[in-house]
Amino acid sequence: MTDATFALALRIAEALIFASDRPVKPERLAAALPAGTDPMAVLTALQAQCAGRPVELVEVAGGFAFRTALDLAPAITRVVEVPRRLPRVAMETLAIIAYHQPVTRPEIEEIRGATLSQSTLDALLEMGLVTSRGKKEVPGRPTLWGTTPRFLEQFGLKSLNELPRREELVSADAAALPLEQKPAAEPELPLH
Amino acid sequence: MTDATFALALRIAEALIFASDRPVKPERLAAALPAGTDPMAVLTALQAQCAGRPVELVEVAGGFAFRTALDLAPAITRVVEVPRRLPRVAMETLAIIAYHQPVTRPEIEEIRGATLSQSTLDALLEMGLVTSRGKKEVPGRPTLWGTTPRFLEQFGLKSLNELPRREELVSADAAALPLEQKPAAEPELPLH
Amino acid sequence: MSDEALTITLDGFEGPLDLLLDLARSQKVDIRQISISRLVDQYVAVLEGARKVRLELAAEWLVMAAWLTWLKSRLLLPEEAEPEEDAELLAERLTERLAELDRMRNAAFWMAGQLQLGRDTFARGLPENLRQEDRSGIVADLPALLRAYAAARRRAIAAKPYRPKTRRLFSVAEALERLRAMLGATPGWTELQAYMPASLVTPLERKAALASGLIAALEEARGGRVELRQEIAFGPLMIRLTEAPAA
């Protein structure tokens, strides 16, 4: 591989990922690159090249995408419309869907111990974070819900495996559910 | 204005234009920039900085936006075949020509029980599915139409003999009457 | 649990399990070890407070109140009077449910703490279309072609109004006219059949024509213009012009 070919590959990779509305998988990139170019080598080089720039290359949802640097968010949000934040109920529902997928609405309700309003599910659907995954073969054939690639993008995850393991989610000592560290009704608090 | 402020303004401009869902006007950019920064000066500098890069800053209707460099378009665009569906009239005409060839336009009209527009015939001709097969020796000497090898290829047929017999498609009693009324000069297809 | 704590936890309450989770947490013990009766007492106290707040929540909680009361009664009953599910098991199951809800809440917190798209970082707002459509091909499969043929034929057939096949019948008047026109040309006896039009092909048409011809011939014979003769039954009917009487 000549330097010129690699330089061209870098240009192509940058343009392709920049233009795409979804993260670009290495296989998709490979199809656009000069024959014989290793897409991962190009991606690594591109990532290094973009480091520190206002728009950086990140690995997310099984592919690579450009994202604005974190320090620029305050300036951007002054001009670009920011989607409204998900209410606590929606976040909990989303967490249950993420961890229990594919999961039916009655199952979500069982875990939360409360009915799930249609508006909550609608909001998640509208944001493209969850989607239907067929029907459960039980009486009534309830719809099964699961998360989307957009979900991974929203939370900057490479894959669902990057979610914390369930054992890590136990509040301190499992037997004695202590409350001191974290009031239950405080959604805004970042964990740990 | 310090160099550091201008550098930050450049960073903000790049990230903002990247993230915006529409071209960014200088006035809109100004709202995100450090107070007192001239947005046009920033945009001009950014445009110069991006020149020759795979992604360029261009001025479009309504403001400034990033666009992938034109020379990279062939590499990053994926050509997707979106085959057209033949309109119903064209499909029916083609089927009649296939089954009754060589056949004149008035005969096609009689078989379909509807007039045939020239544009439909033109479309079939243009797609290379039908062709003329001489003139019928009757007053007016109308053109006889038949299918082409391209037709066989398109429908995955080895020969016209592979078409099901037309009696299998239209029940005999229903078909008998109008088919018998067809002009006696109708040549027999080597179909059966 | 203080009254103050109750007031605070009320804000985030959404349902009975939520409440129970918080009650269990404020006890700082496993539900298996806490006094269910104390839990129920507190629960009822919250319920009474909540009734003043949101009616639909109170309704939901009532279900849990009933469940808790039953659970408590189970725990109070002696062990041998427990034929089906034992309360310990139920309490354990409840504990597991509460623990899972707790885990899911922690997951939600973790997610909220992640760098989020559209809040902390931004994606390309104006993605470009990388698809170039090639519309030169056509969708043309054989079944569609066959369907089109059948549809066109059926439609054409259905569009034609039904007309019963017209029978070419030779009327008596026609037969008479034909007989009168032709008789003069042929001298002597001729078979009546010969005067019938040759265009009649089907046996039915021929028979009908013969009948009309016979009636026409009889009519002419009655007027004395022709003579008829038949040698044997069902034999050929012969006809000739009456020889003009010498005047």
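In this document, chain identifiers A, B and C correspond to the written order of the chains, with residue numbering beginning at 1 in each.
FYI, a residue touches a chain if its C-beta (ideal position, glycine included) is under 8 Å from a C-beta of that chain, and two chains touch if they have at least 3 such contacts.
These figures come from a predicted structure and were not determined experimentally.
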{"item": "Chain pair with the greatest number of C-beta contact pairs", "value": "A-C"}
{"item": "Most distant chain from chain B by Cα centroid", "value": "A"}
{"item": "Euclidean distance of C-alpha centroids - chain B vs chain C, Å", "value": "32"}
{"item": "Centre-to-centre distance between chain C and chain A (centres being mean Cα positions), rounded to whole Å", "value": "39"}
{"item": "Centre distance in Å when chain A and chain B are each reduced to the mean of their C-alpha atoms", "value": "36"}
{"item": "Residues within chain A bordering two or more other chains", "value": "16, 18-19, 66, 68-69, 76, 80"}
{"item": "For chain C, residues contacting two or more additional chains", "value": "122-125, 128, 130"}
{"item": "Interfacial residue positions of chain B with respect to chain A in the complex", "value": "10-12, 14-16, 18-21, 24, 28-29, 31-33, 53-55, 66, 68-69, 72, 75-76, 78"}
{"item": "Complex contacts: residues of chain C adjacent to chain A", "value": "8-9, 11-18, 20-22, 24-26, 28-30, 60, 64, 97-125, 127-128, 130"}
{"item": "For the chain B and chain C complex, residues of the former touching the latter", "value": "15, 18-23, 65-68, 76-86, 88, 91-92, 94-96, 98-99, 110-114, 127, 154-157, 163-164, 166, 169-170, 174-175, 177-178"}
{"item": "Contacting residues of chain C [partner chain B, same complex]", "value": "122-126, 128, 130-135, 137-142, 144-146, 148-157, 159-160"}
